[in-house]
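One chain, chain A, appears in both complexes that follow, with chain B as partner in the first and chain C in the second.
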Partner chain A sequence: MRSETMTSKERLECAINLEKPDRVPIAILGNTSAMAGLVGEKYWEVVKKGYIAQFETELKFFDTYGGWDGVHAPLTSEIYYLGGLKVNPPSEASPEIQILEEELATVEDYEIIAEDGMNLFIVEHLIERAYGKDTSGKYLKIWQDTLVALSRSLKEYGKRGAHFIFPVLLTHPFFKLSLTRSMIKFTEDLYFRPELVEKALQKMTDELIQTYSSMADPNVYLTMGLVEERAGGFFYPMHIFERFWWPYTKQIINAFWKKGIKIWLHLDTCWDKNMHYFKDLPRGSTIIDLDGTTNIFSAKEQLRNHLAISSDVHPALMSLGKPQEVEAYCKKLIDDVGDDGGLVLCTGCCLPVATKKENFEAMLKTGKTYELSK
Partner chain B sequence: MLEQLSSGFVELRREEVLETIKMRIEKGEAPLSILDDARQGMILVGDQFQEGILFLAEMMLASEIFKESVAILKPYMDQSRPSKSKGKIILATLKGDIHDLGKNILSTLLEGQGFQVFDLGVDVEPTVVLEKAKEIEPDFIGFSALITTVFKYMRDAADLLEKEGLRDKIKLMVGGGVTNNTLKEHLNADFQTTDAMAGVAYCLKMMEERQHA
Partner chain C sequence: MNVMIIGGFLGSGKTTLLLNVVKKMIAQSKKIAVVENEIGEIGIDGNYLKKEGLTVQELFGGCICCTLTAGLIETLQKIETAYHPDLVIIEATGAARPGDIVTTLHDDNCPLRFESIKVVTVVDVTRYEMLIQVMEPLLTGQIQRADIVAVNKIDEASIKQIDRIIECIAKLNPSAAIVAMSAEEEVYTLNPFMELL
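Showing the complex of A and B:
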């Protein structure tokens, strides 16, 4: 078997720059809940100890399985608190972090968001509506912890040779409004109150660019993360996508791209009907991160030599499949999607909580050895 | 007032649909006849969805209009003869999972097609599904999932149905973002989808086959 000739950073950069690395880079996206389970920890107990404890669990997870190339800061229930989103308290019966979708924002709030921005709206309204008044300084404490954990993450993962794929996974303005209004109410707004939505979307887009483009130093982080689960053709027709999502997405990607920062675009649900739009983005500006429901092989053919793709070992395969099946699928991804580079091997969406240890090991082993042993 | 109630669902003309229903009720029209028109609207919505003309979000909005329509009609329907059900289905999101968007859409679409839906909600124990199945003897049971930890409860529920000798009489369906054929095989389920309308089409097809058997 050949030896590796690249560092994790070089390998990831090579792949997202649409070149062929020494082997496929591996990045693991996931909530701490999944990682805790794979190192025999009870997430519902870890979570009570706070954000830093969850970071320690993630580090233990990385070390236990021998590491990989791309990492990120912990995605914990505290992160959702900062975003003013309500989540279930993880428990033994339900260790997964799940968003409790409620109509936290009203139609009248669009004007407030358009005027003040979403960041202030979260602090002044959303957190209180989701969790009650923050009398204990929880908001500030979580911010402090996340900054400490981010700094420690950079140091600890750096020592281990891994590279940060993004400093934070931002929520797309469209998705954020959908979560805060709840999906059906937001859909009604798109159809029956479009101007209100547009005003808020533009303000949120400007705010996102202004707040985060200075944070994403391309020398430290590979990309900036951006998540969208709802705007694709699985849910919405193209006229909605073209009016309420695509223009704002292009603004974000182009603004970051001008500063030399790529966007890791985490797209859940099926985007088959939208994939051709992404060909309009600057070459190499975006990594299309799919969840196992979009046809990744068709996406590759449409985006070949234009945008890199990450993904997509399906959650059900990781949870119920056999290691040989995981290995076979990873090989198929490497051969068909990563044949000319441009692939980051990843699970579909996030690492699922029910992942079998042996399946995770099979994914890592295949990614690390398949091409080098050819 | 809409000349054709059904078209109001396709065109998402909520206010006009609801207004039309109220006016027809006031004129003394039989509520079941109005409900049939509303169902016809939902069938058209479903057809247009399958043809790729309408999208899931639009089907959701139409479903909301349908639910509001049924709410208006319900007090009057209690006084008239019951409409014949196309089939009975239990829907549930099992223990640990609180996602219900897909399940709710399927529920409304099936009601729109004339099925009797028993929606047990979210975070449901497998034993609750079994008890309901014993009580109502459904044609279908559908489980929805968005997280993988619920797979084992799906398996528990399938095993309970098997143990009680009910499994052969019921078509077991699974749906949701994390489901695929691997899960279907794991559960020995009859049908899997991530597409609510495909679920409706499956139920209609099975009931048709049953009638001709």
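Showing the complex of A and C:
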């Protein structure tokens, strides 16, 4: 078997730049809940110890399985708190973090968001509506812990040779409004009060660019994460996508691109109908991260030599499949999607809580050895 | 295992219909388990159902792609082992297509075997014409794999509107039985749902 000739950062950078690395880079996306389960810890007990403890669990997970190339900061329940999203506290019966979607923002709030931005709206209204008044300084404490964990993550994963794929996984303005208004109300808003929605979307887009494009140093991070779970053709027709999602997405991607930062675009549900739009983005500006429901092979043909793809060892395969099926699927991804580079072998969506240890090991082993042993 | 999946967009009246089906099944001394999977607030009173002798499992798991695969199978396995119910009713999240759940349950890797899997999709007649314009792919997807489409809230719509919507639904899914009802006002017959089982 050949030896590796690249560092994790070089490998990721090479794939993202649509070139062929020494072997496919591997990145794992997931909530701490799934990682805790895979190292025999009870997540609902780890959560009680706070954000730093969850970071320690993720590090243990990384070490237990021998590491991989691309990592990210812990996605914990505290992160949802900072975003003003209400979550179901993890428990033995329900170990996963679950967003409890409620109508936390009203129609009137669109004007406030359009005027002041979402960040201030979260601090002044949303957190209190979701969790009650913060009398104990919880908000500041979480921010402090987050920054400590981010700094320690950079240091610890750096020592282990892994590379941070993005510093933050941002929520797309469309998705954020859908979560805060609730999907049902937001969908009604798209029909009954589209101009209000557009005003808020534009303000949030400007704010997102302004706040985070300065934070993303291309010398440190390869990409900035952006998540969208609801705007795809699975839910909405193209006229909604074209009016309420695509223009704002292009603004975000182009703004970061001008600063040398690519967007890691995490797209849940099926985006088959939307895929051809992404050909309009600047070459190499975006990594299309799919969850296993979009046809990744068709996406590759449409985006070949234009945008990199990360994905999609999907939740059903990870949890219900057999190791040999995981291995076969990873090989197919490497051969068909990564044949000319441009592939990051990644979990489809996130690592599910019910991931089988042997399946996860099969994914890592195939990614690390398949091409080198050819 | 026998499964009935009740799907339909958020707020369409799935929970009300579920409660009515459950009451009728309990009256027939059937052993029922309910799997709840909603992205919003839980609309069903789990304690009430438990008092009625039902097994209620809440299905959480982050986003729908993760929840509706491994999480669902795991939950059904637990139910089968512990309770051996005559029927499991899955109230699917309004953001999912029930047909995708059927696909998951029929997957070769699913360790469970099913005698029957039936899909009921509830449609809110008062919002259908708005939703079909802004959310056509999801709505269509929910209707197309249904065995029964329950056109709900007919007490809040005109006959003309109801007829128009039933005609649209029949075009989308010609093989489905279409039942007009008002679950809230108890204007319906449960016979089609019971016959489905």
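The definition used in the following text is that the second predicted complex is superposed on the first by the 374 of 374 C-alpha atoms of A that agree within 3 Å, B and C clash if a C-alpha of one lies under 4 Å from a C-alpha of the other, contacts with A are read in each partner's own complex, and residues count from 1 in each chain.
FYI, a contact is a pair of C-beta atoms (placed from the backbone, for glycine too) under 8 Å apart; a residue touches a chain by one contact, two chains touch by 3 or more.
Since the structure is predicted, the reported quantities are computational estimates derived from the model, not experimental observations.
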> Aligned on chain A, chain B and chain C: do they clash or fit?
Replying inline: clash
> Which partner does A:V148 contact after superposing on A: first (chain B), second (chain C), both, neither?
Replying inline: neither
> Regarding the shared-chain residue A:M215, is it in contact with chain B (first), chain C (second), both, or neither?
Replying inline: neither
> Looking at the overlay, does A:E96 come into contact with chain B only (first), chain C only (second), both, or neither?
Replying inline: both
> Once the shared chain is lined up, is A:N31 touching chain B (first), chain C (second), both, or neither of them?
Replying inline: second
>> I'd like to know which partner A:L372 touches here: chain B for first, chain C for second, both or neither.
In response: neither
>> Quick check on the superposed pair: does A:T187 touch chain B, chain C, both, or neither? Answer first, second, both or neither.
In response: both
> Given the touch rule stated above, what does A:H314 touch, chain B (first), chain C (second), both, or neither?
Replying inline: both
>> With the touch criterion stated at the top, can you tell me which chain A residues are shared between the chain B interface and the chain C interface?
In response: 88, 93-94, 96, 98, 100-101, 183-184, 187-188, 190-192, 233-237, 240, 268-269, 291-293, 314-316, 318-321, 325, 349, 352-355
>> Applying the document's contact rule, which stretches of chain A touch chain B when the two form their complex?
In response: 88, 93-96, 98, 100-101, 183-184, 187-188, 190-192, 233-237, 240, 268-270, 291-293, 314-321, 325, 349, 352-355
> What part of chain B is in contact with chain A in the complex they form?
Replying inline: 12, 14, 54-58, 60-61, 64, 95-99, 101, 123, 146-149, 151-152, 177-180, 182-183, 186, 194
> Which of the residues in chain A come into contact with chain C in the complex?
Replying inline: 31, 88, 93-94, 96-102, 182-184, 187-188, 190-192, 229-230, 233-237, 240, 268-269, 273, 291-293, 314-316, 318-322, 325, 348-350, 352-355
> Which positions of chain C touch chain A when the two form their complex?
Replying inline: 9-11, 39-41, 58, 60-67, 69-71, 73-74, 94-95, 97, 104, 107, 109-110, 127, 130-131, 133-138, 141
